[in-house]
């Protein structure tokens, strides 16, 4: 019965504070899909997780793609006619367009303007822009600053290298079972908290919460640069890929919105049903798979078709702070991160505990009273759902229905159904059967 | 065509009055799950039905259960300090807690109070209480009476025996076909009309309405003490159980509410579809199976999984009079009983008449006019549904669709569809095929 | 890619004007299910279509039916007491009840009245009446005229023959593939535009629009007298019938209402899904098959069960002008006919282009940018659905999903999905597989 419950005794509020503190450390690092920033990020994650960092050389093929050159930024700024810096990557890593080519030039405002990106509708916010596959350079700044720029000569400097190097990704494995649960999160975005430091810190906390437990699955956490990272991981891990039974892409898990689960391409995989059941309890909505978004687009490509869904609060692109400086440490709150970790743990709880049982007294209802399974006299009245759950488990433990089937059909939370099954098994009324599909 | 219709020419209002009259005779009898009360009940039912009463000795096993001791009550009362009786089973059988142990004692009010049961929210009503499997004693009375009890010495007397004896149940079989329709109703409740003298009298009237007809099924009516009764019946009738093709548990059929049908565990058994179709006509709602309630919980236990649903008006526990003295002869009305019998007969009508036909002119529509199947000239215009029903039956009588399939798909009542089929068969356009699933 | 789109470059407004002009020529002809009127109609259709007219002798069997006698009308009128004609088929072919027997008699008003049909609720409209299978005669006239008829002697004259002859129907075949698309429309109604000159002229325009194209299917257009015509056609074309893969009955396509598609008896045939998808774009509703209506009742009879649905705007009987003189050349507008032709062409477009593709880079998403499949820099931004459609097609081109499957699942119009597939195939990312089911 203890094995059933993954959150009792777990201090979620403290975990929330820890996640936010970790995010605050990661926030200032200038990350991109390659380079020193993502390596420094993995170095910090390695302090608490048994992390293996993999380096893949520029030009290495990954299916239809190849690993791009490595980009490293030393400095990037614009000095105005008066010598003051109007944009500076030292102040925020959002200031420079990701993968900008080097530049050191003086130019009039009119020549500079096409390289400046702003958000006229949110004049105090700085947008996030990249140009991975088209060589150019640019800066991002508040629209208010842009509007105040005087005519005159500007000094533009981007001290960056775009050269042969490596793409880095990190793995953390918890458990050693044959069946794999893949947890994937992109770790390449710079100073953006919901998208996707929230995914990084929830994955970190989840890995730590599972460490040391007896688990039915091996949990493989991958921290990757988005899109190219999942392609690289998939191309290098055919054996593990074939053993992925369930998976989750974690992203945008720190905002105040309700949960959104995006189904795997399969639609009714166990992880899809587990997430839908948990969100039925915690609140949130479930959406069908669409072939774009984060790395699930690759995990769910037809050559793999892995049972990998995506858990978010407000999905990418649907909150105004998305890909702007307003996606900040204030936007993401510890309680929201804690709630997201709770949802992950509850989904894992289903994956770990779902199984079929066989009713050993299938002819009519067994007498629960003589086995002490009713608590009708004295003491505290148990949750009435505990009693109903026993009837449901007895009636549907016919070899065909798993605990999740029963939870779905009865509308009783999986945890209560699983607890009822444990009690009935302990009383000799049920024999354990196969694990859930 | 005459075979189709089970209610034309049947005097439902008179049947309603007869059912209520029978209920009035059964009402005063002090019934419990064993003992003289239920035997007297069966004796009265035996006046109109060919009833076989089965006696099963205390201690006989029934799967995980055993037949309990027999309880017989001779008298039960409480005399107040002034010698007046404040509760007396002679006035109402609800006054004593069912299966109370014998007692003959004098005690102060404070000692008596824990044995008294009332309904503070309905101070004039007497609750119904039992204690089958825990030895204790008690009385039930109006809360208003309880509140008026003075201090002083009370004389408590329960003259009852709880001893080796028998459990009784009764069977009435109509028809001698191999395929069985099980109609089950509990007959163990004392002075409670909706739950469940209504079920008893509707079953009695249904058995009489079917007697003498040519039937495709054997109808086995069982009158049982609830829960233990169905277990005992199932344990003693493995051969019949294997031939149960359809079944209904009848309960709470006399209140003014709309019908509620609870599906069998199978969910789409023919009886489920028949009941859903009939309630579509008569009004009412259909609910999925849940593994608690009345005896369907045993018939639908996974070791049997019989196609047995439950027909009620307002289900148990959802009307305030439930298990109180307000569930009286006034609460249950003859018209409501008659309507319930009508619903039962219509469900039976589907079970008896559902079959597949084969269209003998399947290429294009046959000419109905030249066969006199249209009545467009002169006379009364028939129900337009009669005409539509002919088209539906012709088009879907392809060997795959039964009349109920066609009724469901067309939205035309089964009776009209079956009548159309009879007319088309008489005109040589259809050949009868297999009986419905 | 050009093959995909059946309406680009097609001048729908001009087609609408042509259809209305053709309808205006056909309107005055006195048509019935047999006789000179329907032959003259086919003669006009033969001016623009390669039409084969089939003549079937009176008395020829067609399954359960036989070809009726041929009816020809030379004149039909009623002269009032003052010698003025109060109804005259020379003015409108609706004036005489179709298949009226000859009469030449003088009679008082009271004797005449039972033979007069009017619409009291629409006193200025003339109803449309026939009596194919019961020998009688009658006239139709505005209720206002009826009310003004004075007492006196009336001269009634119907100069008609009802005699051995023929039933005529016409066929036009476009394409020579083995798989047949049946397009059926009844052409027997007199001066009634929506029901069903609209079906006739839309079918004519569709046949011309398809002529000369490379087609996957052979399109067999049949112009028939309703009900008996489809039976005759089916009875004489068993070989073609066996090759009908899809079909449409066209009727009531000129009124201002939204589209209504009535599913084939199969319900989910490709034509049903194609029509439902197209109506999802163009607006309109989809209804389940019912075994009455137009000729689909015969095509979908159980002995054939052809995948033939029916496309209308407002279905027969649901617009007040139905079967009255108000179903006129003014009620049906060129734009509405053009919109109906557009719907037909789009359904055909799905039937012609639906196929499965196989993604040749199924492991992860291929790089679209390097193949010029993104158009993100400069120029006009394409419809974002073009990009999404590429992702959908790539992800679901796994051999199991056809383009229509993908269009249904994605909610993106078939045309855009098919265009994306063409572009991806041209870029070497997809290999064409089987045609849609």
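To keep things simple, chains are lettered A, B and C as they appear, and every chain counts its residues starting from 1.
The criterion applied here is as follows: a residue touches a chain if its C-beta (ideal position, glycine included) is under 8 Å from a C-beta of that chain, and two chains touch if they have at least 3 such contacts.
Being a predicted model, the structure only gives us computed values, none of them experimental.
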Copies chain A and chain B - rotation angle from C-alpha fit, nearest 5 degrees: 120
Shared interface numbering between chain C and chain B [over half = same, under half = different]: different
Centre-to-centre distance between chain C and chain B (centres being mean Cα positions), rounded to whole Å: 54
Contacts with 2+ other chains: residues of chain B: none
Chain A contact footprint on chain C (complex, rising order): 359, 361-367, 369-370, 377, 388, 391-392, 394-398, 409-410
Of chain C, residues touching chain B in the complex: 62-65, 133-134, 227, 230-231, 234-235, 265, 290-292, 297-298, 300-305
